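Take a look at the structures listed below.
Paired with chain B in one complex and with chain C in the other, chain A is shared by the two complexes that follow.
Up next, the complex of A and B:
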């Protein structure tokens, strides 16, 4: 049998350990917990973008069948962790997270204004349609371009000198004007919404008035536990958050949103367990979105293709009550060797709900602009876009002046170009057609910073020789349990089928939420050290039984047994070791975190995407016909699930490039695309076969498993690669996403 | 969703009587549109008359017509031999519509009666003349990227929404009759007179009288089985409503076009038949130049709003592309 260790990862991948329960419907998602006495809450949301509630007419709703309670700001029991509302009421100042049913003010369209609790969801929905609200309307500002003059340095940044969102300059800020070849352009990304298959949902259960259990869709049970404990002034251990299965999440579950608090309030007020499921249209105003962002990029290079100056300015939208900051311009400081770089980041507060992180937050937005601009400058130079990037390859981090912990982007470029057959690309646009369609090639680079947070894991060997590994991490889709099982199996030399990985429960050992591509680097490391520790304890026990296994010898674990050496054929099973020592189980719990290496190396994941599009010359329809994506994320833990994650990122990037667009009618300050007929995401027919390649070399400086994050770089850059391919096919440079037929006609 | 009463008639006569007895009732077949409308509060019938058990599924050939029962499923019609052999344009259009799952539920009669997909119509918080007559048209002066560019020449439109069906665009290009049962027996309407243009009563999509039930459509045999194309331009490859759709059918012989049909979807309150173009094509040899000329001819009468001006070029281009494919020239 081959070794299953992280340094031999090309071995037969594990299939998803929870695949069977997911496809057979046995997995329980948040809305599916059948708690006795469960009742249903439905939110009524505002239809104006700014103003205040004058009055409710609840007569019809109150008398509708099945209604148990109607909760509004007028009768909601105070949330103990919130200050008492001011009298007379005052609008929340900037910097305050939205508080549901707290004051009469309307901060955005789609804001919850009332909540029906009824015995069935259908009856709650019907009663919700009978609630009449009268508003004192005030003029709202939702139009980005019309308000761009109000964009400013975020308050958070003004207060913090060391904020990474501060204006940045290295070299000469005026260098661009002197460059031989220059381009300058503005790029716009419209609002894009989180719409995972499973809408957000929660079942909230109070026990004895001071103990709360929530079955909730989120991306971090520990942070949800902390936020709910704080809001309801409970000891942390009195709150349990249970979220073992998540039907897709891409950043929408990082925060505890108003609907979650509302469900907990409702359960408290009616003294019954309450279920609240967001309707698809409510997802547009309840769980954040990728913010509307306008960027200006000025690029200058010498005639030889050497970059001389980059100026990257970005303005993102946020709400009036809260700032949401993104890394929009920050990747530009790092990705290419360029002596003169200036970045500026501003926020524009509007009468909208607060945006949030969405896969590759900031970087996906920024890299669309930068990688489009790089393509524009390459064309101005009449240089191959890949050659142009290689010419400006950063051998060390130009921002922090540190060596990379590891960087194999050059190998990514080479591998991707070879697999894609990039050499067939024509420099001149509209040069290739096939079956009456214009064909174009485009590429883009990708990077994402390395995030590793302190994480704990516990590994327990049972009397039957099976192992349970636990950590309060999450699986929002990538297959966390599968990857962790693989790590544990590798360390312990065990069949993966005898290992069970538990996640998604706040009672498990501390782990960060699943975001920022940090799970494998953080939790994977914790699982690795916990299993190493368990192995150490096991070998010590074995050593007491037999000289061959004593410390300092060549003892190894394999097939659930301890052997004296690799060649040894006479093993001692784990179960027998426990039995000999009269142990029911053997436990090891460890914490893993970063050390001094963070100050010695600059750590990033890198990648690149190659895209072929076909564009109909008469109708302007763009179809992506081929994608090769290549990543350097250190060691790959489990190829099969990694590949799925890369494919998912590319699909998201194609949606971003060609379809996704939440359009608002600014007369109403209300979205007009608030369902799947209006908000387009790719369907199967839009997605070609996607080829995924990894360099798969461990980064020995980042953590004990040599593995970096993959989730974000899978999408970062894809939209730029598509837009560049569209230019190559048509000669049309589309700088405002999405690239729909109307823009190419 | 408002609570409703559910009735299940066994015969067409019984269904029509039920409808007459319950003025607020709606027929339900596949429900692929009606359920959405009920969930969003756009339609709130007090009674649903479930017609799924009526014997209206048959697809047959009688004399010179293909008769398709109103309850035949879109997916069954699209692959029925009679349809693929005698009315391939119709099959093409059906397969361009919705998704496989929806076509498995949606019926021919329901397809005729689906409401517009204008987003203002679907949001009860916004003014809409079609949903709430007299409240105003939000699309005019709003986000009208998907809206109409052709209107009734004699009247200012009170609604600029477009008809959403693909199937109906093909039926408009062909010679189709709609068979209707009502309290006073059966009647037949030519397909071109079935849907309404936007008038001062935009809440009405068709000339069906209250309580009437579509029982079948009949499509005349034709000589378009060789040269036809349904081209649907959309924001993604599948499961999106048409930005513009073109049903093109040609009868060709000896290098000349003897008969032509062109109908458009996504451009008007009902599928739009291009009579002038058809006349201009007749007797001519097919060429890109000819198609470009005739396509641009009638675009002069198009009127666009802030977001849908692209449709004028796109419609002409799509027509050229569809006619080229139908004629078999590259």
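Up next, the complex of A and C:
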């Protein structure tokens, strides 16, 4: 339980295995593949939010120099996996993913309506500026509050009785009205966008024999391969997706989006490799977002601080054509011991593009509301907010009535509180000021479900004693290759420098996409079992060479050699074992997946955040001045990179709390915050030093490596902790994010 | 459409002056000159590029003299990425708001997306590819690896070019100062504290950057 510093030699952390290529600019991201004959595509997007295209005037654009093709719904070659458009054309019914250049209808502002393909980017951009579109405009609905009456149970949920998004009640649904101390309030989080620094980009290449290779920004090469194969009706193996370096995504790359399909269409139509890079403004309407969500929470407790009732209702935004569902209210069923809990989840379709998962999807939204409400109720009880949470600590999962696989949240609270010096917190707001600024402390809990998907990995020992480990997993930033290298090095007793981990290519062994904090739990387990299997084969070969290594003896591996025991000094190198057996390489491939333990235990990652803010009493400016974050995710695989992931989550949470807000001009149904000047994310000056602590005890029930996901719990709860600190500093309870100065003055 | 000549010939300097004269006319005329002057200032025999004409420039990129013919609409960033194969310089926003495209022009940090390639005539441009000496990394590159000053790595070249400039400018004496002078470089992964630590360490070591 020590503070994580990047240079702590005791933890034996690896620096990133791709550090060198990233600091020298040698890492190749999706838009950076120099394919011979490459041409450039630029999207022209709609300027209305609802209606249909009446006509195009393409004369000027078509005759502009360098233009190879202009693709619209009128001339696009049909995508073979899509049904033929209806005649006469009909709007896509709810539940249909948006199909680009398919019909004349406009479903949202910023929708692609035409695509220019030209020999240079400058020429494509210029020609795009010459495209004229006339629309038949229809009234659009983009204003959440004005339409909230239309919120309804999602169709997906109506159709599925066992959906986790069904209304939920345990205990007495009317218990809140009888509780001794009650609070009830509404919380709003606005639309927020992932905005990774790398814009989404693709280079699409059709090769002879109807084979397709895409260098694409996504979070899952295997799912992208499957989706493209389906859309273009190709055998899966005819599609290769190559994505070894991803410049951040945070959820924006989980799906295959229309622009990816558009680039593939364009490459087919012009018979040349096509590059398509989204402009920053297009990143606001092309790759999803965290949906605008309004929640109502009713909390009731006894005077002793025992929770008696929680009612949590959430309404999330979606598009008219598709439903996006999130866990917004579901964490509330699990996190605290409370006998009477009711949750309800609704969706409100608007004339916008479909939202998607964004770091801590649903939980980051829901826990902002719940953890704000917990703080508010603690204050009503005149109880310390941490003590209030401990009082309602769930010793087992109150939703599923199962024991936790492991839960050290109590230890997280204790460690975080100690390091933060929480005991110095004053109950009364506005009690502390420093240098003319109001100082406040806030805290919040975090949880995120454990996700482990079937994963495969292959480990190959080469004649030179090096090992290559492969899996079609991804690295959108957390340092997947580094963590996997560390797992392999641990199992094989090898120097990490002699191990190479390959990812981000669809030809590699099956792995899930990088989302839902599932990579280490899933792929880490596969790498572990593949390396164990390789070790077993190696020991068997060694046993044939020397009695000391025979099965049933105490043979061990270390420093790339097999030894008869831990004390044995006379080893046999891996390379010599292969040489003796006349083998060029030795391979082991394994699959790893969950078993019956999923029904025996409830599995979650847990954590908590402690935040100090300083608020200017006149201007309402909020500065986060100190953060301590503590997580229980089972075993930590590589401390250095884990620590960075935790810090990144806190930074994202500070953005969510204080600045991120995609603001729409509802007259046009268009975002006015469509660049980094309008959509603010934290910059260097917004972020203080952040202390990270882990409990670092393996969860023996979840998987062979005892490790759970970290990516999401790093952000879940942070916005609540900031809001609670702002209350403690100012006495103002801000329930609508972001907490901008106008809300405090 | 870009003719790339690595130029080491001895008379390059005199030719350079000729290019330079044309270029200053071009730059001065970019916003207000009538079209015929603009055409005269450029190389008419190269024919049109799009609806514009080509311009010849000479500049130094990472110590190598280049003579290039460019579309005047092309940014320095696109010249580096699309024509010179120097993809280490990143395009994050193309609006000058994120800092991912930071390079050094004549030793000063600059946003390559906010400046046209034709404006670099006679200038010396250093990109991330020119920061290290062969295999020997720059001290700040080493410090970034040591402190884990990045996650996805996309903003990293810009952070490094800015970080080096920040130290050279004398703006790396405290964490707060570094935060202020690095705030033009966005990092969505949130590697900020580690980046600040790396810059402070290199500054403290007093090594030549």
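Throughout what follows, the second predicted complex is superposed on the first by the 734 of 745 C-alpha atoms of A that agree within 3 Å, B and C clash if a C-alpha of one lies under 4 Å from a C-alpha of the other, contacts with A are read in each partner's own complex, and residues count from 1 in each chain.
FYI, contacts are C-beta pairs under 8 Å (C-beta built on N, C-alpha and C of every residue); 3 or more make two chains touch, one makes a residue touch a chain.
Nothing here was measured: the structure is a model prediction, and the numbers come from that model.
By the touch criterion defined above, A:440 reaches neither chain B nor chain C. Contacts of A:512 after superposition: neither chain B nor chain C is touched.
Between chain B and chain C, it is C that contacts the larger number of residues in chain A. By the touch criterion defined above, A:658 reaches chain B but does not reach chain C.
When the two complexes are overlaid on their common chain A, residue A:667 makes contact with chain B while staying clear of chain C. Using the contact criterion defined above for the overlaid structures, shared-chain residue A:198 touches chain C, although it does not reach chain B. Within the superposed three-chain model, A:644 lies in touch with chain C and out of touch with chain B [touch as defined at top].
By the touch criterion defined above, A:19 lies against chain C but remains apart from chain B after alignment on the C-alpha atoms of chain A.
In the superposition on chain A, contact of A:620 is made with chain B only, not with chain C.
In the superposed model, A:129 makes contact with chain B only, not with chain C. Comparing the two complexes, residues 65, 122, 125-126, 675, 677, 682-685 of chain A contact chain B in one case and chain C in the other.
Those residues of chain B that touch chain A in the complex are listed here as 1-3, 41, 99, 117, 119-120, 122-123, 125-126, 138, 141-143, 145, 231, 233-241, 243-244, 310-311, 313-314, 317-318, 320-321, 330. Against chain C, in their complex, chain A makes its touches with residues 6-7, 15-16, 18-29, 31-32, 34, 64-66, 119-123, 125-126, 194-199, 245-248, 250, 277, 279-280, 475-479, 640-641, 643-645, 647-652, 675-677, 681-685, 687-690. Note for the complex: chain A touches chain B at residues 47, 65, 122, 125-126, 129, 436, 616, 618-621, 623, 658-659, 663, 665, 667-668, 670, 672-675, 677-678, 680, 682-686, 740-743, 745. Looking at the complex, you find that chain C touches chain A at residues 1, 48-52, 71, 73-74, 78, 81-82, 85-95, 97-98, 100, 127-129, 131-132, 137, 141, 144-148, 150-157, 160, 175, 178-180, 182-197.
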